[in-house]
Every structure is written in structure tokens, then in C-alpha cells.
């Protein structure tokens, strides 16, 4: 059994603490929200850990993570280890690792997948960093990952940054898969040739080529709301989808499906599209085509 | 000077009659609307023409055109010639030609481009059919096409159907070009780095690689409405865009730009997208992500 | 236990016969290949069945299926039932059903998914047709579908044609999902930030959001050939992907992901692209950009 | 008449010097290639100019431009003005402007469009920077831009960076338009319904909605090589296309056409696609589909 500091007890961090404790590990959590925190400050959390320490960061990517890493650099000691399990951009990892290395503190980046289901099912983990650090944190990873062969729910993807890189690509793929099901669903709904769309989708869960965990979730959603009309077709995107497309551009890799999925989300959030106003204006100019006037 | 029957005096047909008459040709028009018609019926129109007759059809594609061809088959005589100048699907042309051939009547299909500007600028023409029929109708084509070398505003594209095929592809390209400008416009608007977006677009009219007639029209539209916010981003599509994509599929030709332009129009007409509701539902299922409830 | 005629003993039909027999059903197969056939002709097959008969067709879509239906119409009797389990276009089903109905023979269309794995895992089934016919054939469906709750591997999608419609959409989605993984794989390979790409993908099998049966197959493929360089990036497409896009167009449903996946396959089969020669020619014209000369 | 230093006498800079001199301006050019240079060094060039000086940079974007700006900062004096006419990323402009401002030297960024045709036709110009600097350089801009109303070939797009931003979007649009024509061309070639594809495209030059300068160039290319088979469908991309897509992502603007055009170029340069090998591998796994073995 190991001892772990855990910074950030939101939806993900809170559940991870549960899973880790259920596996018998000792977790000292810190969160700004005192209702969930096991410690009064980062400093207090660190002081409750006996060295060499392992601290897992599970706070929002970007400035919050950067801030936490900086503070931990002050508080931790040579030989300690920090793991960033948030959705950081892979380019941040080198900066974090360098900062901590200047204090003799090790660094791993760990992409974590599985959402709210991870508490019970385990989390898919992709880790970047030195093999010796990975080895040292393995009891933590083993507690967090799903049952079954380790290599089916955990990978050591490469050196620092590779874990978040793998997670970024994972999320890009996730966008594409979700959009593929979504387009199929809309087509089934629109064509009205299939009478019972939810039954068809439920019937895809076994034996078919498209069976997947996301399909199971779609079936759950349709069980609760067969036409999915309790919610709006308004979809946020996280950094990872955007970074995946950036990486496609940087590496000259065609990514038509991943970009289409991202753009569909952008479109879903537009009340009115400037681009389509331009197309309407052009049609109007050359064809005298009827256009919808704003406010009409 | 030649004599022509012209069926359909809507926005296009009406203007074409003007242009033909301005060139000195005799046009007997027929339209169901007596205010614009020169004849009381198709039969009356035909009776006012001396053989061998040429009749130009300018009515909506599909059933209306088919109906007109069928009636003309009854009314015309061996050696007469029918030209379909509407936006018919190229597969209709063979049917029309065969039907008329059974009466000894010739057939040409003619794609007509240029919109409301054609009356003054001339129309771009793409013709399918027998060379002898094309030759016979050339005075008409010469009056309708723009000034300048014939081969820059007119083509004999091939046998029956080839004219409408060329026009279909023309329109597919048109969708793509319009969407390219539109995406650029939206980006300029969104990024707010360029202060005067209409001025930049106006400044693209000369010397640049993207100068075009459609750009000139966009400049006109922006002159009238600098943010294009007098109209909605709601865009219809005509058959040709869809048929172009069908043809891409039939010929295994990748058409990512042309399809993206068509899909952008489909999206522009959706108040809410079933596909994006499915994506939102999936995100909700796995991540407990906040979603917009319908009606909220 | 029921008795079934099975026409077509290729890769799919052969395996289905195995699975049906393993479940205790009696199958009289017919195939043009005498090595696998249980009968010498369609007529012989029909004569070996006692009425009321059920005959399952598992031959290529289009003409071969149409031909088989026509012959069965001659051979079968009132009260018999035909099931088309091939990859027919949903619009063929109405024709087939009408033809058989004129002989008093019933008709079901059944989309079958699962590939070569279906023999052992069971096949995902989507059925169109009358409820009474579905009920009658249920022992067959139950034998073919996977273990587990019937509604998770089988659906009665609607009236005639709905089964193949559901299968068509299934395949469109399948294209999109495969392409999503494929783009992610290429990005991982190209960026060279992840050291062990197969290990990362293997590690996605449990706990992650992207886990699926197709992912399991990708892991299998990478186990056999870690860089997938024993084969060419040349991918065929079947009718269903194309028909899905046709349906998207017909129903004005945006399908950017499904179309991108189809177009990627088209592109994969082109040695040289006429479109890209045109782009190269344009760049050459305006910029004097260096271009690759053919054969250089 | 004004005096101008011009750094970089490649394809673009050389032609611009010609056009400026033809307009009566005095140009002192510098290029590392002594065959075309009017001066032996940047220092020599600067020394030949009487203050307050204007120096136009026309060297490759990125490091070469940055280096030139840095050296000019050393050589120029308070009140001088530098114009970067290259294809720099808009984010470089602020850095360049700040560096020069520390020496009291002004800065304008100018996007230049028109390719090799600019020498005779004039160049489309988009400028970013202070109005007073723009005013001061106007004689240069007027000499470089096309005949006709200034606002149709020149724009002051906004503050520093806006000129290159406008040029970046211009190029993104250019990619989309070129791809639209290219897909149409390939479809016409593939379908073989139009007999004379070059004649049809030539016939689009007048009257049609798709007429443009790029279309005129396509006609020129087809005049020289009717099937465009003297060159390969291998197309480079410049930074601007990539940056446009980056900006679309950064601003959450859907850009399906511009991204499709960029990805088509990426694909055109791949001998074999890792993504499509993955799709082939998946098909092979589930369906036992025939795949092309590498080297076969």
C-alpha cells in the first residue's frame, strides 16, 4: 500500500480518491473546497505525507495546473514525484518537468480516460516519463486502471509529454466516433424508414461491427429519452480536440474526420453563421434568390 | 434573325426574352401567367411559329419540364427542335430526347449560368446534343451568350445530357467557391484582427489570386450591408449541388470541398441538430458534462 | 428445431450454416460450388424442404440476389418465406417483396453484421418485414444472433426494407469509426512523440472512452504487424457506404464524417489525382511554383 | 517619386523592383545573389538611401525575415520605415514592430498577392500598421497595386499584423477555390459524359457564376496540357493555409472547406497512407476482406 497526495477533488479527483482508498491506498487530498478536502492547504497536504512523496495533480489544464506545479516545486523535496493526471497540453509537460527537476523532483504525465464511470470500471491510463518513475508509481496506476491485463488499460507511452499526447489523440478519435454515431442517428431519425430507431441502436450492442462502449452509452441515453429531445444540440469542445487538429496540421496528416467532428461542435454553438449569411448574400446577389431576412 | 418559341417567362425566361429581342430575334413566349405571356397556350404559341420551329423550355426541372416536353411532342412536327434550358438533371435529357425523337423532333440540353445579370452581361451556356442541332440553334446561343469570343462563354459539351452535366458540375464548383469566401469572411469577422473587413474584401478585387465575379458580388453585398446582418444564415440548395455529390459517389471521386459546401447549407437550415443532440447526450453519459436542456 | 434452405455458401453463408447446425437446425444449402453445396440446384434444394418453407438468401447484392429471388418465386409455394440476408440496397427489398407476394410467398430483409467472427460470436441482425413473418423466423434469428438478451443483438427495424436500411446506416457509421481510429493512428505514427504506438492502442482496450470491438481488432492487427506495413493503404468500399451518403443527400442531413470516411477510401485507390494535378497546374500558373513533372 | 530599399530579389522581389522602376521610383535592391543585387550588403544598401528611408523586405517568412529585421534595426535610424511584404505569420509582425520601434523605426506589414503576374497586372496589397506610415508609403503601394480605383486592389486592414492576417485568410480562401475547381475537373474527367472537358471549362470564362482569374489560369493550363498529365498531382502547401486552419480552431469557426483543401494537399504528397493501412487492416480483421499486400 502506498501513500499519495491528491490535488483537486472535483468530479474526477473525488472519484479517483474513492477508487484508490477502496484499493487500500492512503490518500491525502487537497481541494480549495473544504467540504471535500483532507487538508487545509497544499503545504498541509505535503506535510501529512512521509517522503519520498508522490503527489497527483487533478486540476484544470493550463494556468491552474501550472500554478500547482510551481507551488509543489517549492514544497516538495529531492526524490519526490509529481504526476499530472489532468488534461494538460503535451507541450506543458516539458515545462513542468523542467521546473520540478530543478528541485530534484520527478514528473510523470498521465492521460486519464473513463469519465464518471472510472470509479467503478477503472480508468484507462497513458503515461509519459522515465521508466523508473513509472515503476515507482505503478501501485497507484494499478489501483486506478481497470481489472484485467495491465497492458489493456495502461500504457507507458514514452518520455515526458507522451502520456498527454496519447490522451489528446484518444480524445480526437473520441470526437470522430461520437460524430459517426450521431450522423447515423440523425439519418435514421430523418429518413423515417426505420420505425423504432432506439430499438435498432440497442440491437447493435452485440455481434455487430460497431459495438462499443460509446454505443452502450448511446443506448442508455435513448432509454432515458428516446428522441433525445430533452437536451439541445449544443456541444462544447475541450482543448484536446483542438490540439489534435493543430497536431494534424503540424505533421501534415490529413484528418478530415477528426476536423469534421470538431467543426460540427463549433457549428452547434452558433445561433447564426456569418459564413452562411455570406452564402445567402451571394445567392441573393446573383440569383435574386429569396433569402430569410433577419428577424423574419 | 430567327424565330423562337420560349416556354416559361419567370425570372430567367423573362430576361432571356428581353436579351433575344434586343438582338433582333423574334420570340413568342408562353407562360401560365397571362400578364407576361405572348400566347394563350402552348398550342397557340406553336401555331404562331413557322416551321421548322425551335422551342426553348425554361420551366422548373423535373415534372414541369417533363410535362412540357410531352406536350410539345404532341404539338411539334418532324424537323422541329426543342432546347431545354432549365436546370434539369442530366439523366432526364435522354428520356426527353427519346420521347421527342419518336415524333421526329430534335433535342438539345443547355445549361444556362449567370442569374439575373445575364440579361445585360449574357449567359454562360453549355450545350449537349447533335452538332447539326447545335449549329442550327447557334444564332440563339450567340444572342444569349456574352460578348467576346464564343468559346469563352459557350461550349458544345457533348451529346445529349452533356450540357446539363456540365452545368451541374459548374454549380457544384459554385457551392465550393461560395463556401470558401464565406469561411474566410467569418474568420475575418470572428478574429477581429482586421478592423475593416469589407475594405479588405473590396481590396481583393484587383491583382489578387482570389479575384472573381463572385467576389465582386460579395463586395456589392457588403456595400449594402457591411456585416451582412440584414439576412439570416439560412441557405437553400438546388438539385445540382446534390446531384454533383451523387455523381462523385457514383464515380468514386473524392469531393470533400463540394460536399462540405452542401452540408454547410443543410446545417444552416436546421434549428436544432439531432446529431448534435446525440453528441451532447454521449458527453453527458460519460462525463457528466453540463448540457443545455431543451427550452432552457 | 426448424428447417432452412440457404442459398449462397460463401464466406458468410458457409459460416452461418455452421452456426445454425450447431444450434440444432436443419440446413439445406445451395451453392454453385458443388464442393460446399448440399443440393445440386435451387430446385433440388427447394424439393428437399418440407412446407411451409423458409429460404435464406446470402448471395451478392444486386443482380445475383434479384435473380435468386426471381427463381425462388417460381419454385416456392404459397405460405413459404424468403429472407434476404445479403447486403442489398433497401430499395431492392420492396421489389423483391412484391415479386414474391405475387406468388403468395412472404419476404423479410435482414441486415447481418459481424463478419467472419459471427460464426462463433453470433451475428448482429436487423430485420424488416411483417411481424408475423419475423415471429415465424425467430428460431433462425435466435440461432444466428449472439448470446445475451435478444434485443441487444437483434432488432425488428420496421417494414420491408427497414432491415437493410438499418444495416446501411450501420455500415456508414462503421466507415466513420474506422477512419477516426485510422487518423489517430497516423497522427501517433507521424508525430513520433509516443514511442510505442501499438502499446498505447492496446492500452485503450479497457477503461477508456474509445474502447470498442473495432479497437480490439486494431490491436490484433498491430500484434501481427506493428507498423501495419505488410499491406497497402488501399481500401475498397462497398455499396452501403455510398448509399448512406446518397441518403444523407436525399434527406438533407449533414454527414461530414461519413462522407470524409468514404472519400478517404476513394482517394486511397487513386495512383494520381486529377484534382490535385489541377491544383498543381494552378499553382504553377500563378506562382511559377515548382511542380513535379509526371514520370520524374 | 520616392526612393526605396528592397531586400530580397527572388521571383517576387525582382519583379516588384521592375514594376517600381517602371513607375519612376528609385529602387536600391539587395540580394545575396550578386547577379541581381544593386548593393554589396544590407549596410551598403542602407548607405545608398537618403533618410528618412523606406526599406521593403521580400525574403522568406520566419527566420530569414526575422534576421533581416534585426539587422535593419541596427542599420536604420529614427524616422525610417520598414515594410515586410513577405508571407510572414501575423504573430511575427508585433515582434518585428516592437524590435524596430526600440530603434525609432516604423513598421508596416503588407500582404502581397498576384504571383508572377503582378509585375504587369499589379499586386493586390493588404497593409497593417499606423495610418501615418501607410500614408507615407502610399506612393510605393500605388506603384505596386493594379490600375483602377485604389480601394479595389489595396486595403489598410488595421494595425500591425492585420495586413498579413488578411493575406493569410486570402490564401486560405485561395486553397478552397482551387480545390473546388479541381474536384469539378476530376468529376468531369471521370464521368466521361462531357466529351471535351477543356472546352467546357474554357466556356465558363464569360457569363457564368464561376468565372474568375483562377479559372482563366486553369484554361491556360488546359490549353498547354489538355489532360494536365504532364505533371503530378503532388501539391505543396505554404504556411498560410495551415495558419488559417489554426485560426479557425482558435476562433471556433467551422472551416470545413478550407481544411478539406489543405488536407487534400497533405494527402497528395503521401505515397502510402498509414491511416488507410489501418482501415485496410481493420477490414481484413473483421471481414477477411482481400487487401493489397505491400509490394504486390
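As written, the chain order gives the labels A, B, C and D, with residue 1 at the start of each chain.
The definition used in the following text is that a contact is a pair of C-beta atoms (placed from the backbone, for glycine too) under 8 Å apart; a residue touches a chain by one contact, two chains touch by 3 or more.
Every value quoted in this text rests on a predicted model; they were computed, and no experiment measured them.
Homomeric contact subunit B/subunit C is classed as same-residue, with over half of its interface positions used by both copies. Comparing mean CA positions across the assembly, the chain most remote from subunit C is D.
Rounded to whole angstrom units, the spacing between the C-alpha centres of subunit A and subunit C is 33. One inter-chain figure worth recording: subunit A and subunit D are separated by 38 Å, centre to centre, where each centre is the mean of the chain's CA atoms. Our note on geometry: subunit C versus subunit D, Cα centroid distance of 47 Å, whole angstroms. Among all residues of subunit B, those that touch two or more other chains are 114-115, 179, 181, 183, 186, 190, 209, 214, 248, 250, 252-256, 260, 263-264, 267, 273, 275, 286. Taken as a graph of touching chains, this assembly is complete, with every chain in contact with every other.
Contact residues on subunit A toward subunit D in their complex (touch as defined above): 209, 237, 242, 245-246, 248-250, 252-256, 259-260, 262-264, 266-267, 269-270, 273, 275, 286.
Taken in their complex, subunit D has these residues touching subunit B: 90, 113-115, 118, 121-126, 145-148, 151-159, 161-162, 165-166, 169-177, 179-181, 183-184, 186-188, 190-191, 193-196, 199-200, 202-215, 244, 247-248, 250-258, 260-261, 263-264. Across the interface of their complex, subunit C is touched by residues 11, 114-117, 178-179, 181-183, 185-186, 189-190, 214, 217-218, 220-222, 225, 228-236, 256, 264-265, 267-268, 272-294, 296 of subunit D.
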